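One chain, subunit A, appears in both complexes that follow, with subunit B as partner in the first and subunit C in the second.
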Partner chain A sequence: MVVLSAARWVRSRLTDRFWRVQEVLKYARHFRGRKNRCYKLAVRSVRRAFVRSTKARREKKRFLRALWITRIEAASLEHGLKYPAFISNLVKSQVELNRKVLADLAIYEPKTFKSLAALAQRRRQEGFLAALGDGKEPEGIFSRIVRHHY
Partner chain B sequence: VAKTSLTSPPWPEVPKLPDPVEEAKYHAEVVQKVNGMISAGQYGRLFAVVHFASKQWKITSEDLIMMDNVLEAECGDRIRLEKVLLVGADDFTLIGRPLLGKDLVRVEATVIEKTESWPKINMRFWKRHNYQRKKIITNPQTVLRINTIEIYPCLS
Partner chain C sequence: RYVRQLQRLQFLFSPTAADARGARQFVEEAAQDFARQHPDVVLYVSPCSGTAPLVRAEYLNGTVREELIASKTSEEIVQLVTKLANQSGLDIIRIRKPFHTDNPSVQGQWHPLTNKPSILTVQGPRLQPQ
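The block that comes next holds the complex of A and B.
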């Protein structure tokens, strides 16, 4: 006779409850208080920890970029340049180094960073001179900038 | 005439740039000196900034790099990293605009290991909506060992 289902008096018992609970508790062992021991509290804490770690992975990139920018700003101020001037002039000189590498150079290769700051400063002055032009005023215009003082 | 707030322009005085002819002479001297130093081998450890796997790395010889993707090369293959942005030693640096020439720098690396990352847990949860999704992600990773960085004296 072919039996397709278990007889109704056969009950199945959960035998690996211990390991199912341990799967969750292993992530909670370093927590503080009862949530590192009691399953009901641990489930909630572990769930929140996982969700926070996923969100933090996205924010880590923003945080690290801000850190690099702070470091580059500090290093360029040591050489007498502000961060926007430094970065914009480096980009205009076609030097495509990103902020992570610039921060590493500022920490571990100070001489190289000094040369990059000098490059940015020189490009900045060339930009100013190109913008100022000859220093002559257009014809027919009188301005209050008086050249000769008596 | 008394000096007023509009006598001089509000921007600071820009110092004049040095004479272009003299500058060119000075540049040629510096380039020759650096060329001489490179051909004489008067540099210690070289470091390079390399653009690889859409990231920039500051590398020296004998150091390890791990990237979060698959490389189509077997373990033990020697690879040449082109796209060098910067090469430096103790006394001089060569800054590329944006890249340095392939006949100037040579960076060699070997593929050491191709593994998966540790299992990262991706979880989404909305409270009071009975919504939670848990996904375990293992990214493929490749480990490279940078063997050598060489420079050749072909500056001009």
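The block that comes next holds the complex of A and C.
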């Protein structure tokens, strides 16, 4: 017998309301107050939490960069250099290390960081000589630019 | 050499339930081909009436993953089972960092006394007052 439409006296009951509610409450379990127990309050809180987490992904990048800069500044001050001098002289010596790697080196490889600080310091001195000395002295060794032809 | 992380697949469904029709078709038709293509995986088929049809995947690191196959066609079950076979048993959560090392520091991790003069750390023989 082919039944094209359900019989009119059969009405379906919602049987998995519990699981639908749990789907939302499982993301609210670590919240504070009634919004970790009551569905009506939890729905609002969970939605706001998701929206905030989406927006925060852009801020996370800014936050981490600021953290790296703070750490590099602290490490370079230990070696007697300020952060702008350190970064600008590293860039001028064609050392293309980003702030994440520099922060990791400062934490886990302190001797490497010390040598990088010394390199930046030397390049800084050569820059001063080139700007103030004017002419007769030969160019600094670390001021040479290597051009790679790929 | 590649070692498949999936150990065994257990198909639990009842022979008469309506939502297990796809599972029955899969076991009749596609299970043999799947077993031939994946010789490392052991397939167990057992009847259990009264519960929803599900496929249980056990991995080499001990994780057991259960997936419902109620009201799924045979092709969908084939896709699901190939997906399970290609997974490893690691739990599916957000990976915090895409890298991991057991030895992060080669030169010794920084501590507040690394760049200070060594007079602060070295304890020489105690000088007696003369």
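Operating definition for what follows: the second predicted complex is superposed on the first by the 129 of 150 C-alpha atoms of A that agree within 3 Å, B and C clash if a C-alpha of one lies under 4 Å from a C-alpha of the other, contacts with A are read in each partner's own complex, and residues count from 1 in each chain.
Methods note: a contact is a pair of C-beta atoms (placed from the backbone, for glycine too) under 8 Å apart; a residue touches a chain by one contact, two chains touch by 3 or more.
Computed from a predicted structure; not experimentally measured.
Engineer: If we overlay the two complexes on their shared chain A, which of subunit B and subunit C does A:51 touch? Say first, second, both or neither.
Structural biologist: first
Engineer: After lining up the shared chain so the two structures overlap, which partner does A:109 touch, if you call subunit B first and subunit C second: first, second, both or neither?
Structural biologist: both
Engineer: Classify the contacts of A:96 with the two partner chains as first (subunit B alone), second (subunit C alone), both, or neither.
Structural biologist: first
Engineer: Given the superposition on chain A, which partner contacts more residues in subunit A: subunit B or subunit C?
Structural biologist: B
Engineer: For A:23, is the partner it touches subunit B (first), subunit C (second), both, or none of the two (neither)?
Structural biologist: neither
Engineer: Taking the superposition on A as described, I'd like to know which of subunit B and subunit C A:78 touches: first, second, both or neither.
Structural biologist: second
Engineer: Indicate the residue numbers of subunit A shared between its subunit B interface and its subunit C interface, in ascending order.
Structural biologist: Touching subunit B and subunit C on subunit A: residues 108-109, 111-112.
Engineer: Quick one: which bits of subunit A touch subunit B in the complex? Just the residue numbers, please.
Structural biologist: 47-48, 50-51, 53-54, 57, 93-98, 100-101, 104-105, 108-109, 111-112, 115-116, 119, 125-126, 128-129, 132, 144-146, 148-150
Engineer: Which subunit A residues qualify as touching subunit C in the complex?
Structural biologist: Residues of subunit A touching subunit C: 75, 78-79, 106-112, 114.
Engineer: In the complex, go through subunit C and note every residue touching subunit A.
Structural biologist: By the definition above, subunit C touches subunit A via 104-110, 114-115.
Engineer: Flag every residue of subunit B that touches subunit A in the complex, lowest number first.
Structural biologist: Where subunit B meets subunit A, its residues are 1, 3-4, 6-9, 11, 14-15, 17, 47, 49, 51, 56-58, 85-86, 88, 90, 93, 95-98, 120-125, 132, 134.
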